[in-house]
């Protein structure tokens, strides 16, 4: 950590600050410049409150020179993490296609969609049993019975599945789930994250609507520091001011996160755009950007979907897209 | 709800859509214009998925003409809601000053701060026992013992207190708390909101970092629709691109929310700016904007605060500010 | 245009509004619903101030059902526009690679870069002679002599070139330029846009940092309504809150703009990210998203570039990228 | 400027960078820490391209420790700047009320509004003759004749006036204007700013829709560095994601800018909200936040205003507001 002092600080005040920092167990390198003095703090600075130091009258600015995340930091884990889920490998060159409906609605629906996406080469099935909805009056998912239907679809097709957990108290119900998803709205639900650190399952962590990449990594760090290192990240669009699309897909997050972290990075073009006819081009773009996988909403009857039908592809549209994704992947090897 | 059809839709397609909408139990008023046809949907449109209808090939756009919130809608509750918490009234002309440290750190600290803010006329004490922190390595609050210290401070000063709940499983611990706070990061933790709908206590609901006013109201609606109508809203800054301040305080939210809803609206200038020296001017501005109360961080020793010291006022600074707030309030009656 | 009246409006007030609107030369279709009345305005509504009508006491909301842009609207021009610039075609399936340095610095530099990108298959050269810089103390370009150097590079390589115009008063100097660029900061410099409507040259219009797609199209409309229909759009990143990248590249803008407009859409991954090592993945992603061309910064000596060296590729890096772009393009035909 | 090197940089690479920086005329203080080396650059670093240095393979991060603005920096000008315009003082404790219509429409209109706001104690008149409009089809102002009408209103009332300049080529027409306004969309029209540096008149510079405070100050610096130090800043709302209000008024910008700069800071609550009924509370809030003045749209007949009628107060509403503003100002002295 580096602390830049203001111009004209008295030696007394400087000495006082240095000794306060030394009391925190740090060693201080002083570099007196013509216009300012710079303190270099050496040691474990994780206990130093940057904002507080920055607010001191004699301090101009403070800068952390090491990232505050360790478990998910590529510096300490140069090799790509390969996550295994229900026999499927994701990351480290293993590209995963995750497809399925927004919500599980019935056995007929989820089995039909699972069969269709399996036939188109999907690696995992997605489907929500517990759905976060902005309005208390909207369909919130089938709940526990929805999880059972996902297991039936898995049995029928062999596809492992990903599904969202919203409430720590439901954790027991998720014992036989392949991958647990943490939704965008819960990205900073820290109690939930900590609890998932004790689970022996891969976690798919979605970026919040207005969260920075550093915050996403810090949330991954919560899970990993609690014991579970099988974390995958997912970019699903951030909120900006334009109103033609639901969110703004931030594809530069893919190479940037791959540089900062060794965790796999997936992209969800369905939630990012909210418009089915934009999904294929964004899915191809994400593939070309180097994503480790895609998560795409597919529904056998979007017009009657109980949730997010507007952003769901039909199985034939998904099939055509999956072929193109494979073509681009082949160019990238 | 209004559905605008695209120019040149065939009568067949139009008929098909109308009968599909009628099957949802709606009556449809058709208005054929020169350039487009407009359908007016009459009846309970809460089950209609706007995005889906908008995605249909023949539809140009869809517009909801009634707000999706009811319990917190001023249209149905023209009178200001007055919330009572530990004998203190908030809203409907009752202005509340809530002050205290970010975190409860020790009996000595919380009692000292409580006495100081009480002497300066504060109505409620604030203090966190469970703290959401971006990093898993930061101080996360004292937990349950922190709640006990808040009760001691209450006993010493008579000030009711507000404190944040992060985890549904901790609800029992909050039985003797005066006001339960839902933090910005949990604004859309719907399971938590629903659970708080069954609690017989006032809830202080903070706006999320990138949430719209409508989303804030929908979250209030979650609590109220589950049975608890004692909800207060709190503006605490939204995330924008500037980096001089931590967040951007959106004060127009105050009169806008007061127009849309009858719930009291508080403002937290401490989290909104993250900088203690900006807190007084933003507190005065919020008062002049017509807020129903303020929530301000005060610490007896900011330099050694375990959390957010940079945005905390010292007791003497708070005292000076409280006087000015009262002066402005007097002008507003 | 549709005007939704509030619930409970008196017949008198309704009649008054209708007659006011009729005086503007409009025909009004009235649709009385159970909960609200909807007025459909037929005729030329371009003179109606939506915000004003929306502010009337009896009005709930107003919605325009036709886009306010005509010249750049695909509805009226279903065929892709193909722009020809110095013998090169852009749009309608013609993919253009534009490459070159941020700033023209010397004859040696611009000719060397032009030769290198030509050898790698570039279609046009880019290079700034007049540079918008945030600070008045930064290098602002060579000015008029820079334009002469671009002409020398064109003579040496046969590459037509694109360069930015910042000031209407410089227009005469641009007589022999192939494509005039309007930079992001001038996207809403309406006097400049209007003037470019009288020029017989293609215009490359960059999206502003915080502008919506509709605003971008309205700015194109300014140029086209003044007489020059050879306009190309360019997405170059918008401003959000993350600080790892300079801007956030909004690739969904590509298919969305192609749906709304027939104008070619280019993507500039260099300014969008500000980081050379992210440029290749974003260039490939933009290609896969269906862009009509790319605009990429290339410098023969980035370390000594006078401007934006951090986001410039070296010629060998550009060459490797151009090959991959071609591979992806081949998949897309 | 501080350059932090990555962990494990070889002595050779380090030496090479240091000598490159020394060649730029800088002295380098090297501080070798346990985990990283920090270089302190002493001398004139204004020629150093931060982004470029940051992009070097061996560099972790770069930080400027002195602000890049000088003329508008309070560090070098501790006293508040008092700007005099047509006999009215603004700044340094002199609070200015600027009021008038969005657009000048007729002699009758501008004289009537000028008289009304003068009677309510306004210090300056505002009114647009050249209007930036998003659509080329909207009313763009009366142009030069509008300026003549403003002079008539000034002659009738004695109020000096502020009006917007959009085009350098119109500068001659502005010879007898009291204050020249640079609108939000032209905040980074650098040629315009430079030209205004040669003008002997106060300039009112509005913050752009998505510009940081630093960028606003750099734009002021452009004018001041060219010779005209009579610059006033104006906060008028920034663009965020909420759609209930037109923009988000950033009132913390007021005390923050006053800390960074000695220039007067005005607030325009009319453009910030776009809704007349929110203007009074935001005007009072801005006053309580310590602004040096307000700029408010007033129209004698908002319903028939040719521009922005929705955000204009009627004269009687303005009069009531002006009284309350004065009450709050009295508290602040």
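Labels for the chains are A, B, C and D, by order of writing; each one numbers its residues from 1.
Everything that follows uses one rule, which is that a contact is a pair of C-beta atoms (placed from the backbone, for glycine too) under 8 Å apart; a residue touches a chain by one contact, two chains touch by 3 or more.
Because the structure is predicted, anything quoted here is derived from the model rather than measured.
With respect to subunit D, maximal separation of chain centres occurs for A (centres as means of Cα atoms). Taking C-D and B-C together, the pair of chains sharing more C-beta contacts is C-D. Chain centres here are Cα averages; for subunit B and subunit C they lie 38 Å apart.
Put simply, the C-alpha centre of subunit A and that of subunit C have 31 angstrom between them.
Annotation: 26 Å between the Cα-based centres of subunit C and subunit D. Within subunit B, the positions touching two or more other chains are listed as 210, 239-241, 243, 277.
By the touch rule above, subunit D contacts subunit A in their complex via residues 2, 4, 7, 27, 29, 31-36, 38, 40, 42-43, 60-61, 63, 65-66, 75, 239-241, 243.
Only residues 46, 49, 51-52, 54-56, 68-69, 132-137, 140, 166-169, 185-186, 188-191, 194, 208-210, 215, 218, 221-222, 225-226, 239, 274-277, 302-303, 305, 307-311 of subunit D touch subunit C when the two sit together in their complex. By the touch rule above, subunit B contacts subunit D in their complex via residues 210, 212-214, 238, 240-245, 248-256, 259-260, 272-273, 277-278, 281-282, 284-290, 324, 327-328, 331.
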